[in-house]
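Naming follows writing order (A, B, C, D, E and F), and every chain is counted from residue 1.
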Amino acid sequence: MANKLVYITRKEHFNAAHKLYNPKWSEEENEAIFGKCANKNWHGHNFDLYVTVKGSPNDDTGFIMDLKKLRDIINDYVVDVLDHKNLNLDVPFMENKMASIENLAIGIWEQIEPHIDNCKLHRIKLWETHNNYVEYFGEEN
Amino acid sequence: MANKLVYITRKEHFNAAHKLYNPKWSEEENEAIFGKCANKNWHGHNFDLYVTVKGSPNDDTGFIMDLKKLRDIINDYVVDVLDHKNLNLDVPFMENKMASIENLAIGIWEQIEPHIDNCKLHRIKLWETHNNYVEYFGEEN
Amino acid sequence: MANKLVYITRKEHFNAAHKLYNPKWSEEENEAIFGKCANKNWHGHNFDLYVTVKGSPNDDTGFIMDLKKLRDIINDYVVDVLDHKNLNLDVPFMENKMASIENLAIGIWEQIEPHIDNCKLHRIKLWETHNNYVEYFGEEN
Amino acid sequence: MANKLVYITRKEHFNAAHKLYNPKWSEEENEAIFGKCANKNWHGHNFDLYVTVKGSPNDDTGFIMDLKKLRDIINDYVVDVLDHKNLNLDVPFMENKMASIENLAIGIWEQIEPHIDNCKLHRIKLWETHNNYVEYFGEEN
Amino acid sequence: MANKLVYITRKEHFNAAHKLYNPKWSEEENEAIFGKCANKNWHGHNFDLYVTVKGSPNDDTGFIMDLKKLRDIINDYVVDVLDHKNLNLDVPFMENKMASIENLAIGIWEQIEPHIDNCKLHRIKLWETHNNYVEYFGEEN
Amino acid sequence: MANKLVYITRKEHFNAAHKLYNPKWSEEENEAIFGKCANKNWHGHNFDLYVTVKGSPNDDTGFIMDLKKLRDIINDYVVDVLDHKNLNLDVPFMENKMASIENLAIGIWEQIEPHIDNCKLHRIKLWETHNNYVEYFGEEN
């Protein structure tokens, strides 16, 4: 199967608090733009994170990547950094950025990508609520 | 159908921040008991709330209760009070209580129960994560 | 295990059209009470139906009831009668009743209950949308 | 982040009735081709609609598009037109078309696309039942 | 809150192989009764397990039971014994019993119940597929 | 609509047993690499299979492909071959391959692809647990 291209996805999750608040603006401007997401006392979410890698199945294992290893990378570099944390205050890789899910997904890609060997990181998909999610494929605009 | 007993459930949801932290205890004691839920900078969840009432179908409408009215009660007295809020800081009916989902479910029952006419409030079911939920039926122990 | 009481549930589904409309009332009265559910041209749903029976496991099979038999009863007496049908026009057991899910759940109980031997029908649970469901346990009010 | 390409998706839902019936054919031909979907008295579904747009996060907001604005566009031009309606009889943009989900997804794209500024409409994904969905990316064949 | 009765549920899951096969019967009899579940080479499932306990919230913690402790009990006495195992061959508490989900749920109750202090075990709910689950409340018939 | 490209997806499911075990290696090597997935007595899963085809809607039917026909192809060539089976022992198209989901997805593609006329097979998506799935688009690496 060494010449077939297969995509495999692992799901993890974490819970976190955040707010959408731009310190350059007044409280009123923040509320006008971000609505109740700007609540100064924070709100939070259960985030579902899907990480997809692509590659060809190894003949001896049938794997494109050992999912236990992918799980460990996601947990060591992302879940342990984000779970039960405040995205605005506690997360080094989100410092000086708006705590939107768009920026969070890009940050997660940058945390995971250097640790993927032999196959390639394909996609970060991040659900914030039942009603919205973002995807990032490492693409430039 | 006026002599049949039927249960109907309406689902709503809200997002909120909280922490589990008992001010009577030191930071170390809080961490020992509540683990990462005690993070002083908060964490948060997407809460799914199911409210069940019971009664008999009205012959003219087929309803035990107009679900639009039940939805409005849940939104006016619960969702608007909790959504995008901090359960420890922003919610009058949680003041001076531990912000556990057990206590939150009891509080939600007490908010909704006085507004249910003609049929009876039967159950509050509240999911905190994909892996845990509480139920409260207004029972004493 | 013949003295233990266990509950087993089988899920089936069907799609149907209906409207909430009381012919005793004017079109305006119907709209005032039922809102957009009164649309004269119908609307519809994917219904998820959960049927629960209770009894004790048979020593030779481990079953309280053969689920294939329960599936066949649900399909013969309910799904085949309701699937891709109009609840107001096409369903004999809903004739002269308001097509509410409350009444539909009671009707489904009455269709299934006579065919359950050896164990007992415990509950009909019927989801109409992601946000609401009814339950009927054969109880009088 | 102005040079990164991110995709964001918003979910909405609506309930509707429809039938699959080609007026050029006899009732028998319609039943032979569409089976129970051709029931002259209609059937219906809960439709889940996912709308994806793509663009780069704004530095000041972290957003590629304000999701409240996307939600309003979907509701104004699609959900309000389809919810609790009959797809064959009540929906101007489906007139003279077969009421299949394929055609419905194309119609929804055409309703939404003119209202997306600054970022681009990427995908319409429409679930009809738990077992099938369509996707349309605005592509020609 | 010490006088309120609240129910809390924790979800875990495990994957296992099994078959339904009564050694007292011939292969033909087994196939006649259990159908494809009797395949001599086994089949398997992803099992979702929900364990519910009931009690009153402690004033200092807001908990009826520490969910981390409940999780550990479920994992130590059930998941570690069942996960990636063969229910007919590898599980001491299922020896000499038919490997039905009814019997499995009773067995899980008996594994967990002795380890619940201060509050009471209320329910074992076990999903075998998307379409069926069993519940056991420790009741006699 | 004959010039628009639409994708439609049908979901089916099956339950099966398997193990990850390379006969070239010792039992210890297999355990070191595959962990509890190497259990010699097997384990199993509920597999959810999504098959996507792409094409243009026919003017007379609104379909890119009759979903009943797609369902029959999936059932005849895949589900009937895999459901309640042992992937290592019972499945001709998996003979002499590691029973990984990567290889299973490729095998499923090869079973279905020759039977799709008029439109094109686009994707096989296969969930093994709630936490992982693979996708195969017929691509070479």
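In the analysis below, contacts are C-beta pairs under 8 Å (C-beta built on N, C-alpha and C of every residue); 3 or more make two chains touch, one makes a residue touch a chain.
This is a predicted model, so every value here is computed, not measured.
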Smallest count of steps, each to a touching chain, taking subunit C to subunit F: 2
Touching subunit A and also subunit E, the following chains: B, F
Inter-copy rotation, subunit D to subunit E, in degrees (Cα atoms; steps of 5): 180
Between subunit F and subunit E, distance of the C-alpha-averaged centres to the nearest whole Å: 29
Where subunit E touches two or more other chains, by residue: 130
Every chain pair in contact, whichever chains are involved: A-B, A-D, A-F, B-C, B-E, C-D, C-E, D-F, E-F
Subunit E-facing residues of subunit F, complex: 13, 15-18, 36-37, 39, 41-46, 83-86, 89-90, 129-130
Subunit C contact footprint on subunit E (complex, rising order): 20, 22, 24, 33-35, 97-103, 105-106, 130-137, 139-141
In the complex, subunit C residues that touch subunit E: 1-12, 52, 55-57, 59-64, 66-68
